[in-house]
Amino acid sequence: MIEQVGFGLVAGCIVLAALLVARAKNAIHGVLWLGVVLGATAVLYVMLRAPFLAGIQLLLYVGGVMTLMILGVMLTRHDQHEAALERKRPWLAGVLSLFLLGMLVTAIQTSPELHASEAAPATVKDIGRSLLTEHVLAFEALSLLLLATMIGAIVLLRRDRPDRLVEESR
Amino acid sequence: MLASPVSLALTALLAPGAVALLLAVATPLRNRKSAIVLSVLAALSSLVAAILLVKGQLTPTPPQLLTVPWLLQGGVPFAEIGLRIDGISASMLLVVTFVASCVQIFSVGYMHDESPPAQGRYFTYHSLFLTAMNILVLAPNLLQLFLGWELVGVTSYLLIGYYYRKPSAAKAAVKAFWVTKFADMGLLIGLLVLRSKTGSFDWDATITPQAANLVTLLLFVAVMGKSAQFPLHIWLPDAMEGPTPVSALLHAATMVAAGVFLIVRGWPLFELAHSTRAFMLGLGSVTALLAATMALFQNDIKKVLAYSTCSQLGYMIAALGAGSLLGGFFHLTTHAFFKALLFLGAGSVIHAVHSNDLRDMGGLARKMPVTTLTFVIGALSLAGLPGLAGFFSKDLILEAVGEHGFSLWLVLLLVSAFLTAFYMGRLLLRVFFAPATEKSSHAHESGGFLLLPLGLLAVPALATGYFGGMFGQLYGTAYHFHLGNIGILAAGLGVLGLLLSYVLYRHRAEHPALLAPLGRLIEHGPMDRLYEGGFHRVALPFAALVGWIDRYLVDGVMNLTGLAFIVSGQKIRRIQTGIATDYVLATVGGVLALLLYGVMR
Amino acid sequence: MTEHILSLIVAAPFVAALILLFLPPKQLGLIRFTAAIGAFVSLVLSLYVAFLYNSQAGGLQLAEVYPLVPSLGIELRLAVDGWGVSLLILTGVIIFAGVLASTSLADRAKEFFVLLLVLVAGVFGVFVSQDLFVFFLFYEIAVLPMYLLIGIWGSSHKVTEAGPLRFVWKWFDIGGREYAAMKLTLMLLVGSAFILVGLLALYFSAGAGTFDMAVLAKAHYPRSLQLWAFVLFWLGFGSLAGVFPFHTWSPDGHASAPTAVSMLHAGVLMKLGAFGVMRIGMMMLPDGARFWAPVVGAVAVVNVVYGALSALSQKDLKYIIAYSSVSHMGVVMLGAATLTQSGWNGAIYQMFAHGIMTGLFFALVGHIYERAHSREVAKMGGFATVMPGVAAFFTLAGLSSLGLPGTAGFVAEFLVFAGAWQSPQAWWSLFGVLGAFVTAVYVLRVSRAVFFGEGPSPHFHDLRDARRVEWAPLWILGGTLLLCGIWPRLLLDFIDPATSSYLRLVVAVAGGQP
Amino acid sequence: MSLEMLQPIAVELSICGGAIVLLLVDMYLPDGARKHLASLTALLLVVALYLSTRFDGQGAIGTVYFGSAFTQLCKRLLIVATLGAVLGGRDFIAKVAPRRQGEYYFLILMCLTGMMLLPGARDLILLIVSFELMGIPLYVLTAFVRDEASPERRLAATKQAAEASLKLYLVGAASTTVTLFGLSLLVGGAGSTRLDALLAAPATPLHIAGLLLVLGGMGFKIGAVPFHMWVPDTYQGALTPVVAFLSVAPKAAGMATLMVLSVKAVPSSIWQPALTVLAVVSMTVGNLMALPQRNVKRLLGYSGVAQIGYMLLALCVGGSYALAMLLFYLCGYVVTNLGTFLVVHAVADREGDDSLDGLSGLARRSPWLGLSLLMFLLSLAGIPFVIGFWSKLYLFMAVYQAGQGWLVVVGAVLAVVGLFYYLQVARAAYMVAPAKPQPLQVEPWLAVMIVVCLLLVTGLGAYPGPLLEVCQQAADALLLGR
Amino acid sequence: MTLGLCLILSAALFCIGLYGLLTHRHAIGLLLSLELMANATNINLIAFSRFRGDSMGQVFALFSIALTVTEVVVGLAIVILLHRAYRDARVGRASEFRH
């Protein structure tokens, strides 16, 4: 019972905060509400007996991504009052989203339900083993990916000639 | 015999052929006097060969055939070409080569003022013509006859258009070709029908009368074109735009007579085809009368003769229609001689006066005695004065037509006989005996090259009539002359016509008031206008319509198809708005569509 | 050499093209000389093939086989039959004449001759291929260089904007040479697309794992497949043969193309189309051929008369000749549709005759255009005074075109009409004959308008007769025209046995005609 | 895990190892010597190519990777494509991004590593990580900004690069997210990340939804309509050597992966109809939209979309033969498109004009370049005696054999539409008078790569047999192996 | 709490993210929406892991998180580049290439 109520609370929190992200007028608000979604999701992970993932979620997302996002927002501030450049299509977007939701829910409802497994939850050790045996190749590839990402981000934002900044050209 | 008939025939065929080829290819030869020498020599050697051939045919011999397969069909010959030597071909060959030789000799003098290359061209055409005519004459079957038939058509086109700088000559040449070519469609189809009915192109294959009627009718359409029968006669008067010797050779003596020759050759078919022959009889008579009427009102000396040719061809057709092979062919022969003579005489006159117009002539009898003499012989022969060649052949025809009793056609022909004498009388009077005009006063007798052929031709124009028996032998039909009522009537009408013309035109050039309206009508050229109207008002606009449809509708649809692709490309590219979120939308839309498909299945 | 003669004949122009590729572009004389030598070698080789071919024995001879794509059964299978021999000679004659007629071309001459020779290699290839696939390959090679040849060296002209579809004019440069080139290429390649599908249909339906035409011809295809596949081949190849209504590339293309290209295209390439219809469509799919023959023939008749009438209405010299090609190709297709011995003989003969004739026409028109800088018939007149030789050859070509005995055109048309008369649809020949008459009308009309009359207006100051090497193509083509008209068995001896053996494949009842 | 076990991915290992070495070398290189990085990269690639012949590359690594003739072919193809792009763009990159060359080549090598892992991946995690390893460097590479002296031009260059990469990124990220979501559904349903488990899993609605979501994501990778929207814009905006790379290698890798998935992970009945629709729509839309284009890179982008449509045609037919033909088409496409872009690069980037006008008179200014372009265009259009003809032909044969004759008709007719715009390019090169008369200079390595492509296009066009055999073996290996 | 509920929650989150993706104009907003969608993926994976009782879902989720992070990093870099070019991070500004 408590589980149900907890799930309901967390789910409601996630959905509500997500809606606020999706409808956010202000990027900072959006980032903050995203933080709420991510945090609530971490709680959900715990309820789903995945505490390790919850930790990762908090570390990587709330700690890393959120910071990056805020940084990004700071770096890309612009005049809020400029006229809209493109049409928003809230109705179309809403209809499409609801349509997708409808299809997904139909699919979920018509697929066979899995009953909660009583097996012991996966431990960090299980995860670690899996990472270093079966998925070691992917793991290594991931490390390359992270390296490439790092290099990529740097090369994108590095200015080769500080004396000729874009800003100066304006 | 020194030479076999086949080699003689080959000589007759190949001598002018080789010369034509040589002159066509070797420009240096063509551009000098050598062209004249070669061409005349070729014609003369053909003539010699023809004479020898005829001599050989005088004793009854079976036809000599030499054929080679020309087209194949499934390994067996589909069509053959070669030579057929019999009385008909030999005598026709003689006529053709004789007249051709005369005309070529005449041309040497007549064309003397032209530039050497132009003369070379002229004589090349002549050699070509002689070759083509010989191909036609010596044909062993209707296909080869058709080949020669078309080739003489072309040489006719070339020779009429010899003065190509003159627009009227160019027009006349084209017109002649179109009209005859139009008619030749009948011959071509007739050949196809003949081939499908009998399995060959021979004229003596077995055939049902019905089929024979169909085939001969188709063939006769071509004859109408080539032999200028009403209503396809319109090209012949215009063809007088060519040099006068050409008119003499092609458009009087030989080529136009090829139609008659076709019927003579195809006689086994025509003999069976009663309906066709009935038609021929009628059409020939009508043509004879109409053309004679028209001849009366011409002021161009050559046009008078041209219409006269039409009229005389009508006689021949009528004769054949009436079933008289000999009558038709004999008249062809005599007509060839006297009409060629007349034309050459006219040429001599024109050469002297530098005009074609009767109104410019007059009083030439004293200035050009030889010409006058020969011309008068020809004219009287044409008018059917008893004793001259024309009289005998015409009599034969009238007898044949009248054989089955008194008929409308006989009346028409008799009236034509009268008219013939009448207009020839007018011609003689105006040209030779009327008072001299400014132009004709400076005229003087032509030179030897012109007079020699006149003399040569005058002989047969006078005397051929007495060799009827020989011709009958050559054609394989008996000929006995006997003067019947009709013959006397015709002769009388001829004399009457001459006298009447003397009365009417002795002192004046104008036509009597009674005839004037008819003259105006004929000057108006109703048939020509009909054809030209048809071409310019119907055929050309129709072609223009087809052309328009092709360019703007059919091709338009093709362009439209291309355009449809381009425009749809233009339209579709609008979805690429340039705004990244729209791209995301498209991606999402695609995914949703995929999912929708998943739900649907 | 003798056993490789066919690969040699295909390779010869190609090699010449390669050599040309490495010549310095400035050396015009050398380039022209090399091209002429290449073309001459082709001509000699084609004549040598005719010499080697034993027309008594008939059938396929001089065979060569090289594997190309073994896994699919594609082989470079070369052999020649009687049809091939005649068309090889045609190609050899036309290319030699064409190269000689292009000697005045100076702009980018090297590329021009390279493309021209590549094209010819393709044409030779088509005529000697006995592998359906290689046939198609060469076919494409023959079609494609045309785009550049017309687009670069062609000429443009004005076309009046009219008709209910005139809004299309805004989009295309109608009358432009690039438009013509593009239209030609696209229409022909849509045809190739059809052919390709048909080709695959044959290959897979036969299931023999080979493209060998002899094998494919012996295979039995279901009737339904035959019916639709034949239409594909007919329209596919037919678009190149100018079958109505897919002929509209032809007037624009031929009018815009430079002289040698017009000669080659109208003279040889259009024949590839008709050849394809007969050699592939009819022979591989006899049921289809018999079923569709009435339609093919009827459309061909439309071609004949419609093309001739369209030609009559044209005011541009090249357009007249181009439309005459449409009309004459109709005769070829008519012959093919008769499914009779003489019809097919006539069709092949007409390919040859029309090829030579139209080649001569285009050579002459090219000369006139080059000297007069105009193609408008109405402005011309009296040209015979300054170019008598051209006038004479024009008359000759015209006479052949209207089917005058003594020229090759007559033999061809006569055979076709005779064939048509033997076929169930005898009425075809009536229209065929009518078409020949209309041809006489427009040919003589144009010849009178251009050549007859008092000397040319002073506007044309550059006119002159052909000179030196310019005579060569005229004499070669004109001579061939006459030679084959006077003694048709020069070619018929080759054509007839091939026709007999091929016709047997199509018409079940052998000798079903008189 | 012994070293022998790594044999199937030895080439990848050598490349990523080399990449890291390259990065280290870059740190110590003086500015002037950086252009040798390209040569180093090329050397590395050549070595890798050599290694791919030394190691047969066959065999499995656990359950996640399976090397076979198929992966060998794909790897070699990818290496060749990369080599072409690297050497072809060498001098240009050295000019426009002199101080970022190390990163440039590193990223290319990373991308290559990711791509090379894809055809052999038999595990979803490896697959998706490899995809990202391929994708992330591409986002960055398309965002490479030219160094420009003047601030205005630099700003313009920045705008171009930003737009090009933004569009690629947004669509790409959305697709990745969708793919991941789909994968989560699949993995949940199957209970395993192995491909064969997916094939064995019950086809519940969720499973099907997952499969289709993944198909959507794959559609982005190969640039099929309607996931293609980024293609023209990114092609137009990014540096031409990058586009040359982007237009061939990732598409080849994506197509190879799609083949693997459709054979190893997806019951054919689920994807096949959808693939058919995607194929037809891609062919049609790609060809039609290319018709009115005036920018060469953009035009080639749309043409690429259409080409993908053709390849999908074979994929939806399936079977050993069709897959072999697809591989053949892919090889032909890679060589041809690379060559085309290199020619465009040689002309457009020298003239600073990537519209059709920039190509005008190319045949006069540089006959060889004009000829190469013509050959490539003909190959793209599918004209005989260049490889593209065999590609289209074989593909159509496969499709026809599968009883889809109507698809052949559609494809063949659309190929003619395609010819229209390819000929527009040829027209510019051959028929339009050149804007500048002087001959065009081409850097030696670029010229060499163009000539290599030309030789491959014509050589394989003249004698396609051997390549066909290789493709058939590869297709069989894919079907029969794990 | 059932698997179905978890999946529906994740589907809802995914769709909300999609809505955001389609409506946001600001590049950062798009990135945020993508994060929502990625989060939905992770919820799915973890829920499956819970209800299947194996570690595989969690492993995948781990990778998924890492991938998302890399995407965000590069995405942010591109957004900053965009901002540099246009002084504006709304994606509609960059629409020079179209049609």
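In this document, chain identifiers A, B, C, D and E correspond to the written order of the chains, with residue numbering beginning at 1 in each.
Everything below uses one rule, namely that contacts are C-beta pairs under 8 Å (C-beta built on N, C-alpha and C of every residue); 3 or more make two chains touch, one makes a residue touch a chain.
Fair warning: this is a prediction, and the values are worked out from it, not measured in the lab.
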### Query
So which chains count as neighbours of both chain C and chain D?
B
### Task
When you average C-alpha coordinates per chain, which one falls nearest the overall C-alpha average? Tell me, please.
C
### Task
Please identify which chain has its centre, taken as the mean of its CA atoms, farthest from the centre of chain A.
B
### Among all chain pairs, the one with the most C-beta contacts
A-E
### Task
Among all other chains, pick the one whose mean CA position is farthest from the mean CA position of chain E.
B
### Chain centre separation (chain A, chain D; CA means) in Å
30
### Query
Just how far, in Å, is the C-alpha centre of chain B from the one of chain A?
101
### Query
What is the distance in Å between the mean C-alpha positions of chain B and chain D?
77
### chain B and chain E: spacing of chain centres that average the CA atoms, whole Å
96
#### Entry: Numbers and ranges of chain A residues touching at least 2 other chains
85-86, 89, 92, 96, 100, 103-104, 106-108, 135, 138, 142, 145, 149, 152-153, 156, 166
### Task
Give the residues of chain C that touch two or more other chains, as numbers and ranges in rising order.
186
### Query
chain B: which residues touch two or more other chains?
562, 566, 573, 576, 578-582, 584-585, 588-589, 595, 598-599
### Message
If we use the touch criterion from the header, which chain pairs count as touching?
### Response
A-B, A-D, A-E, B-C, B-D, B-E, C-D, D-E
### Contact set on chain C toward chain B in their complex
159, 162-166, 168, 171-172, 174, 183, 186-187, 244-246, 248-249, 251-252, 306, 309-310, 312-314, 341-342, 345, 382, 384-385, 388, 395, 399, 402, 404-406, 410-411, 414-415, 417-418, 421-422, 426, 429-430, 433-434, 436-438, 440-441, 444-445, 448, 451-455, 488-489, 492-493, 496-497, 499-500, 511, 514
## Note on the structure
Touching chain C in the complex, chain D uses residues 363-364, 367, 378, 383-385, 389, 393, 396-397, 400-401, 405, 408-409, 412-413, 415-416, 419-420, 423, 426-427, 430-431, 463-465, 468-469, 472
### Query
Mind pulling up the chain D residues that touch chain A in the complex?
1, 9, 16, 23, 61-65, 97, 99-100, 103-104, 106-107, 110-111, 113-114, 117, 123, 125-126, 129-130, 132-133, 136-137, 139-140, 143-144, 147, 151-152, 154-155, 158, 189, 202, 204-209
### Query
chain D touches which residues of chain A in the complex?
103-104, 106-108, 110-112, 133-138, 141-142, 144-145, 147-149, 151-156, 158, 160-161, 164, 166, 168-169
### Query
chain E touches which residues of chain A in the complex?
3-4, 7, 11, 14-15, 18-19, 21-24, 27, 30-31, 34, 37-38, 41, 44-45, 47-50, 52-53, 56-57, 60-61, 64-65, 68-69, 71-73, 75-76, 78-79, 82, 84-86, 88-90, 92-94, 96-98, 100-101, 104-105, 108-109, 113-123, 126-127, 130-131, 135, 138, 142, 145-146, 149-150, 152-153, 156-157, 166-167, 170
